[in-house]
Amino acid sequence: MGTLLDALAMVAAADVLIAIMASAVYGLVVGSLPGLSATMATALLVPVTFYLSPIAAVATIITASAMAIFSGDIPGALMRIPGTPASAAYTDEAYAMTRKGQAELALGAGLWFSAIGGIVGTLSLVLMAPLLAEMALSFSTYEYFWLALLGLMCATLVARSSPIKAIASMLLGLLFACVGIENPGGVPRFTFGSTDLLGGIEVIPALVGVFAVSEVMRAMTTPEPPPLPRRRFGSILAGQWGLTKKYQWPMWRGNVIGIIIGVLPGAGADMAAWVSYAMSKRFSKEPEKFGTGHPEGLVEAGASNNASLASGWVPALLFGIPGDTITAIAIGVLYMKGLNPGPTLFTERASSMYALYIIFVLANIIMIPLGIAMIRLASLVLRAPRAAVMPVIVLICAVGSFATGNNLFSVMLVGLFGIIGFVMDRNGYPVAAMVLGIVMGTMVEQSFVTSLIKSDGDILPFFERPVSAVLAAMAIAALLWPVLVWAMRRLRHAEPA
Amino acid sequence: MIKLTRRGALAAGALAGLARPVLAQPRYPARPVQVIVPWGAGGGTDATARIVASLLEKEMGQPFNVVNRTGGSGVVGHAAIAQAAPDGYTIGMITVEICMMHWQGLTELKRTSYTPLALMNEDPPGVQVNAGSPYQDVKALSEAIKASRPGQLKASGTGQGGIWHLALAGWLGAIGLRADHVRWVPSNGAAPAMQDLAAGGLDLVTCSVPEARAIIEAGRARSLAIMAAQRNPQFPNVPTLNESLGITYSVGAWRGLAAPLNLPAPIAQQLTAALQKVYNGQEFKDFMNARGFAMTWGDAGQFERHMEQSDATLGAAMREAGLVRG
Amino acid sequence: MHLSDRVTGGFLVLLGAFAFWAGSRLPAVPGQDVGPAVFPMVIGGGLMLCGALIVLGVGRSFEEPDPEPTEAHAGLARWLGKRRVLAALVPPALLLFYVLAADTLGFLLTGFAMVLIAALSLGATLRLAVAMAIAAPPVIHLVFYKLLRVPLPEGLLAAPWA
């Protein structure tokens, strides 16, 4: 009890509270700008943390990343431009809801279920950290391979177009992920002698290109859509309790999946959102409504990506192993502030740990009022004429992608991916599947090649371990799913004849 | 606090300027200096560069702004430092990769493309095994390696051809084995490798001890030795290879400050002197100790010789491992 | 830019073949049985297969028709008439312009030109376009330069806070 009171006192310090508020606003702004991800929001905070007390420093990272993951939903819902890769899975769905006049419901769902996911994820961190950490350490490259493959298969489940085109898009993404020297062989691939391509194609420029730039390109060639009925933006939280009750089961599933994926090093919020959205569609009673503006997937995936954020701290705090790119940066800050990761952190610095838990919960609670304010502000975009909004987006795309490495080459990539995304979208190839391929490419190859090196080329270890066997069965079932659907359709077509 | 003292320093500088109006050339630095970091924000190099920059700022009275120029696996940022104007307003933190990339044929840049200023840090590789591993010291491990058939044991720590891979290759060479006698499993850095070591997927990991620290402290792994001339005061229980095996092989991941080639000598000397003050200051010490980074000082001349030696050692290890191209 | 499935599928087959061929020429890595060549070759093979299936029209029944817009066009699209798809190239061209011009002109002037051209192409009135072009770049500069510490180029016209 004493430690808990100590922790409360630590959080209630003025500098910590100010740090939380400031980084909350900062996270909301950064997350909602296309090209600036939650990871970047965290990275850009590092120099600031130099001047803060340990608890305040960690508080800024926790708060800013949680806010950024939520606020990535905002431009996705309003303009079909996901702010961060974690929102890409369900951007089309949220945008469809906006076009149906349900923008507040879509954004409210993002906000409400993000907060719930964040709090449930924190509870898992508090109650089960050692257990979850054990799980993370039991995952070897074999399990990662199947997990990555399952993640890729989500592309075919999510797509509304032909599954073959979805797979083709995903393969295209994997091919882009091959570019550069960051492969298990350390050999430059598809670099065509360019130094810039050595580092490979990063997710952010690709994401900004295929979503934001191609959206502006579409606007250039199509007339302005009929304006949405002019009305006051309704209550943002009104429908959420109803959704919570109606989709209780998907919500919990999203939380659990998010926690599991978050805890696994290397897989983060992006993958959690994809898997949860795909699961939601696969197990829904009304899968045909997905993609037409149906909140069910938003509930599950929105909870999932924020839940993964909290559980990603488990391996980071216990073993110094980053659960995702955000905690990778956070670990550096922990060391710098003398909060060295390790089991001793939980025993010797228990009050600091409690303080972190309290900050997690606090961040997810203030997310609701601040998020509502942000949504109201952002919704003005819907009233502004397209000719005023889109040019600003082009400029933000340029600066945002430049900021990822202060490298003008990223800006060229954004333009190029704009063209690729535009052509793909026009011809029924889902761009989100390509982004998934780029996100997952390194993990698929890395885990596959290192597993084979470790097993001396033997395939058997891929199926021997119990967890890998289960994952393998699931992956193979998902792989065969589209073939099965196609064969059944053929059969059904053949019957009447 | 900081602001006040800086203002004080500026005021003092202005007064000094008034007292000596004959000085035609403005004193360096007259405007903010850019510090280029070839690696991403949040990593070890970035953190080191940021602490050095903030201390230089106090020392020299002008802002030192850290700019991360990533891409091309470090090539882009290293090139940006080399190609900047040699006026002292662009410097950068260069890393051990500058002595590796040109051997692989990835870039024309090498250590001679820069004016070295100061070496600030060098982390030697360690030899880590799973906590349940039967090898209690590095002697037992190296006997076991000699007795194993080629490719039977697996090691990791970084990507193919990365610094820790070369550490292993060089060590194997020093005990008279081929560089690929222990099979290298490429990984995305030290953390995933340590995780796989703890999960029982690997036999040894040759990353630096600070990178392995958390897992060691969690009781999941043990560090058997470091490949350095002296023990690390942060980890006094870990012996050196020389103590245990009588091998003097040492290689490390180093970081230092450098400027474009042909930087005027007065500016270079001024920067090196300021860096030495930073290095000897308490704040830098506290930071490096907190992160577990090993402090290694070298002035311009020592840094140059250090790079020369590093370049030769790494080149030999890379040729041994079959990584030299072109 | 509506292309038939034959064209896009055929392109994927070619791309897959290229990936397969280029992958197969990658050098083997000593000490690795499965080298850097395998992954591009698998992807190349997969792309060829998918491309071929798309050319053959397998699975087309899943697709939904794209609603063709019927309302009046504005801006550049109207001026281009039947060739209005070319207007889509404006945003990538503006990004290329940014890459080429930002370091010499500076962020504010480059941003001014980009917003002005984009707004006019979208059919904004001259007044709105100029207003946006003057107002937006400084705000973006302020946020990115001051808040996010992104080193934006000064060029010919520096922002007062830079």
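For this structure, a couple of remarks:
Should a chain be cited, it is by its letter among A, B and C, assigned in written order, with residues numbered from 1 in that chain.
We take it that a residue touches a chain if its C-beta (ideal position, glycine included) is under 8 Å from a C-beta of that chain, and two chains touch if they have at least 3 such contacts.
To keep track of the chains, here are their UniProt names: A = Tripartite tricarboxylate transporter permease; B = Tripartite tricarboxylate transporter substrate binding protein; C = Tripartite tricarboxylate transporter TctB family protein.
Fair warning: this is a prediction, and the values are worked out from it, not measured in the lab.
Of all chains shown, A has the CA centroid lying nearest to the centroid of every protein CA atom.
Simply put, of B-C and A-C, more C-beta pairs touch at A-C.
If you average the Cα atoms of chain A and of chain B, the two centres end up 32 Å apart.
Taking each chain's centre as the average of its CA atoms, chain B and chain C sit 38 Å apart. Averaging C-alpha coordinates per chain places the centre of chain A 22 Å away from that of chain C. Multi-chain contact residues of chain B, defined as those touching 2 or more other chains: 67, 151, 160, 183, 186. Looking at chain C, one finds that residues 29, 32, 149, 151 touch two or more other chains.
Among all residues of chain A, those that touch two or more other chains are 44, 47, 184-187, 406, 449, 453, 456.
Residues 29-32, 149, 151 of chain C are the ones touching chain B in the complex.
Residue ranges of chain A in contact with chain B, taken from their complex: 42-44, 46-47, 50, 136-141, 180-182, 184-188, 195-199, 265-266, 315, 318-322, 328-329, 332, 335-338, 340-344, 404-407, 409-410, 442, 446, 449-450, 453-454, 456.
The part of chain B that touches chain C in the complex is made up of residues 34, 65, 67, 151, 160, 180, 183-184, 186, 321-322.
On the side of chain C, the complex with chain A involves touching residues 1-3, 5, 8, 12, 15-16, 19, 22-23, 26-27, 29, 32-36, 38-40, 43-44, 46-47, 50-51, 53-54, 58-64, 66, 69, 71-77, 84-85, 87-96, 98-99, 102-103, 107, 111, 114-119, 121-124, 128-129, 132-133, 136-137, 140, 143-144, 147-152. Of all residues in chain A, only 26, 29-30, 36, 44, 47, 160-165, 167-168, 171-172, 174-175, 178, 183-187, 189-190, 213, 216-224, 226, 385-388, 390-392, 394-399, 402-403, 406, 408, 411-412, 414-416, 418-419, 422-423, 426-429, 444-445, 448-449, 452-453, 456-457, 482, 486, 489 touch chain C in the complex they form.
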